[in-house]
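Common to both upcoming complexes is chain A, partnered first by chain B, then by chain C.
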Partner chain A sequence: MNFSSINWKRAAMQPGIPVLLLILVALAPLYGSGYIVTLFTYFILYMVLSVSWTIFSGSTGYISLASAAFYGVGIYAAAMFGERMPFIFVILIGGIASFILAFIVGAITLRLRGIYFAMFTFGLVVLMKEVIHYWEITIEGTRGHFVIYQSNETIFYYLLGIFIVTMIVAYIIRKSRYGLALASIGENEEAAGHTGINVTMVKVITFAISAVFMGAAGAVMATKFTYIDPGVAFNPMMSFSPALMAIFGGMGSIYGPVVGAVFFSYLQEWLMTGSLKNYYMLIFGAILVLTIIYLPSGITGLIQNLWRRIRGARSAPTRG
Partner chain B sequence: MHLLEGEKVTKYFGGLAAVSEVDFYVDEGEILGLIGPNGAGKTTLFNLISAALEPKPGVIKFRDEQINGLRPYKICRLGIARTFQTVKIFGNLPVIENVRVGSLFGPLKGLSTAEATKVALELLEFVGLSKVAYTPARDMTLVNQKRLEVARALATKPTLLLLDELMAGLNQTELLDTMELVKQIQKKGITIIMIEHVMKAIMGICDRIIVLHHGKKIADGTPEEVANSKKVIEVYLGEASDAGS
Partner chain C sequence: MEQFLNIFLGGLLIGGIYSLVSMGLSLQYGVAKVLNIAHGEFLMIGAFATYWLQESGVDPLLTVVIVGPVMFLVGFLLYRTVFTSIRLRSAHPGIYESNSLLAAFGIYFIVQNIGILIWGTTPHSYTYLNTSISVAGALFTQNRIVAAAFAVVIGIAFYLFLTNTRTGKAIRAAAQDPSTAGLMGVNIDFVLALCFGFGAAMAGVAGSLISICYSLSTSMGLGYTVIAIVVVTLGGLGSIPGSFIGGFVLGIIGSAVSYWQPGLTVASYYVIFIILLLVRPKGIMGK
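Moving on, here comes the complex of A and B:
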């Protein structure tokens, strides 16, 4: 862990294999079937959600279950503005609206710790759903909205773009002095405050930044659904999944949430289309329990440990 | 002008006055000792100065400016740093990163990352932790964790340093080393307030001592005056034969 000194040369060389994979994925619409493109779209969606979830929750240890609220705000941004504006602006609005919501919610709730913060953030999802539902029924006299259609390829590439930006931002935050501040808040918030860190500000801003990508992803995905209502937009699973994926993948490395997202979205796809359909949630839960008990640093943590053991003790983990 | 001054500083926890109308001051360059039985309000007073708590009522002034009501990070940037009775290090971060947090965020004018690393290494040398700079902080012994807290606090470039039971739980050699460390810090021109139960340390290095009992100040003076005060002997030090042991 070497904060606040980005070695750009190393940063450019290091992700050789991931960049190759990224290019392979990016070319999917050229060689893959429509099914592959859709499958990859969901992979990337969950990658965006779990990486951005990790930006805030991974380092500070505040478990946020508000992801679905920010994602849903993005979806509704697309429903409201999709017909009037170019797609890219709609995505920006989705991101900015989520940023503002997260900023306000963060400023109010980030003094809560542990389970109380998790509960409140989850309450936000339910609240958003009910308020918009009420608004639609009583004021607009409708239920749900239509969203302007975009082709599968467009959705795929916009989402891929959001993913790349998310990864770059997550990397920069992790390596910067800002990342060091977040890590020290996660380690001991009180000491961090007495060491000159404006704890509240750092937490609220990071929470809001992580929400931007969720909102942007929501705005893109909405065009895939074509019709949305509060139940679709504020689906609680979109809060739980990113957290579970990040925990499973491991939050010690930037690739952990990515690995977790791919694994779980593929598992979901495989189980939901096969004969094990009814057991999906059961298996999901069992894997999570086993991960927390036996792999507290996730799959990537396990791989890193094995790798160190193979390479011997010369490069001790403390020097990393 | 005193460096730090408190007027009728009071803090209630429910109906209990943890700190009650305490007047105190510390002058630049002094080492002020803060002693008293357990529960006397010593750590609460530290929490009030470092803004973990807010006095109600009461005023705390730093260089004649009122500082109560500010947030902890502001207090730190003004130049008041502290350590904790129960160590609060960033356990999973390497030792050097613990100190770099201080040098990056603590001073009023932030350092560049390269300067911060340099300062951190110098301070680790100063407290004698150079060899373990890249070890996760949680893997160190208690003495070293306490020294790390001192280095982290010094990294914020304080004019006033609050040390909360730095000497507790140390063996004889470690105690002497730590007393020497505190004197070295004073030589850097840093004013110190220290809470301590180890009388040898307190009597040996403090210029002045304040005694608290049930949240009230019962004595304030040089080590000799305090050691001979009837009231202090009665509530805290015990018979003369026990004092200084």
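Moving on, here comes the complex of A and C:
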């Protein structure tokens, strides 16, 4: 990998406001109530999921619906190893296990057309849920597992750490030659292959890297549930939500998925707490359809376009 | 031997329903290129519409005449409003396929939650033609046989429509190559919307037929969508006879697995699907 194309000085200066926001969020347990910490925990969880979803699916255009599978693998890693070793190792195991699973799945399916890949990854979640459920009932004779407890602050800070690593990795991938290879696969896979990119290899590795963060996030969140079963761990909504959040926020910028994640987790928090759960799902679906038809570049794309228009002719848009 | 016959005939009976559901998805996915994950939700709506109508005294089999055309209209309008605009905005077919898949997920959430808001989450059922008759020593209820027969008749009638009419010919041309078909004077937006409408109508009618022999709930849809996806892949994309035969094949496999290990029926569908994707993604009748 060649990182010489990254302007490190600019990369360090540019994110001034986001870093300030990050520090404000990081200090939340000091000034906020327990509710604020829990709310922010969910914000960060969905940010991690949607940013890591975008690392692979946003640039290549292959829609992955396997996020829930990797997240669930992380949850089960925490259930199985949580009592035997320190928390940080459990998180690493969750990440590594997801990496391996994604590598195998990617190696098998990423030669296929995009639509088969989407169906396969969707099937993977249900398959894992059914098989683990069957395994627990008939072989182990139990249903679900207990997970060792961690305090809300611990969960919050570990998740925040994972989020920062995710953002840095997403940034490096986007700005490096490797990210350029990914983008060219997204635009025209055949042409990318002809320029000497090992298309399948790049896709498989990126898919596996994006899965690491989902698995790690799952391992952290498992301790919040304290008791898990396949239905909780492999919930297909955890596949759809990151995809919608990223599309709604816009995948053209690294902050798009973050904006989408905050918007939807707040909407979810607002509507799901009452008896309005089904209305949340209904609105979720309606926004998904409307976004795809009217806002293909998402909220951040819309803002960028407006900004360009306001600044007028001084810098004409180079594209579109 | 008797067990074997029981599994085999049971598989054929449920296979008839699977065939009808899958032919609908085959039209939507194979021709209109929308992997409609909301397919099963149209089935759920059809099933509940029949439940509703039979409560006010209409014969459940007669409701097919109402459910079919209404669902056709819904599907037709849905394609014209949502998917046509996605198709016209997409730079290439790959983008259209993935965007329409995501839009279909949106429709899935919308339709399912409207269903839950109206009918709740508890299962419903009613009895119709509930007497058992013996077929070669194995016992089946009359309603299952009637439902399977209806499904097969509709399937064959649709196949004849495809092979013998001008519109059918246009659909087959659009399935092979939409842009060339457009150049040959086929009104492609209309034909694709027609396919989507027929697909929705088949799902709705299949739902009506399912409701006369099994209990129904608002969460029943996704299971049938999954079965239809596996069958369409098994039969070959865009191949209507392939989906028809594939439905029976999967019905028999499902019937056998649920006899030995009921907990693994859904898992077995995915295993078949995974093997197919790895070995022969074109399906048994695909070209």
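Assorted remarks:
Keep this in mind: the second predicted complex is superposed on the first by the 307 of 320 C-alpha atoms of A that agree within 3 Å, B and C clash if a C-alpha of one lies under 4 Å from a C-alpha of the other, contacts with A are read in each partner's own complex, and residues count from 1 in each chain.
Note that in this section a residue touches a chain if its C-beta (ideal position, glycine included) is under 8 Å from a C-beta of that chain, and two chains touch if they have at least 3 such contacts.
Nothing here was measured: the structure is a model prediction, and the numbers come from that model.
Three-chain overlay on chain A, with chain B and chain C fitting side by side and no clash.
Legend: residue contacts after superposition of the two complexes on their common chain; A:Ile63 is shown touching chain C, with no touch to chain B.
When the two complexes are overlaid on their common chain A, residue A:Tyr149 makes contact with neither chain B nor chain C.
When chain B and chain C are set side by side, the one touching more residues of chain A is C.
When the shared chain is aligned, chain C comes close enough to touch A:Ala286, but chain B does not.
Of the two partner chains, chain C is the only one that A:Tyr134 touches; chain B does not reach it. When the two complexes are overlaid on their common chain A, residue A:Ala243 makes contact with chain C while staying clear of chain B. Of the two partner chains, chain B is the only one that A:Ser184 touches; chain C does not reach it. When both complexes are overlaid on chain A, the residue A:Tyr227 reaches neither chain B nor chain C. Chain B and chain C, viewed from the C-alpha centre of chain A in the overlaid structures, lie at an angle of 80 degrees when rounded to the nearest 10. Here the smallest spacing between CA atoms of chain B and those of chain C, following superposition, is 9 Å. Contact residues on chain B toward chain A in their complex (touch as defined above): 50, 52, 71-73, 75-77, 81-82, 84, 88-94, 97-98, 100-102, 104-107, 113-114, 116-117, 134-136, 152-153, 156. Partner chain C is touched in their complex by these residues of chain A: 61-63, 108-109, 112-116, 118-120, 123, 126-127, 130-131, 133-134, 137-138, 240, 243-244, 247, 278-279, 281-282, 284-289, 292-293, 296. Residues 1, 3-5, 177, 180-181, 183-184, 187-188, 190-200, 318-319 of chain A touch chain B in their complex. Residues of chain C touching chain A in their complex: 35, 82, 85-86, 89, 94-95, 97-99, 101-103, 105-110, 112-114, 116-117, 226, 229, 233, 261, 263-264, 266-267, 270-271, 273-274, 277-278, 281.
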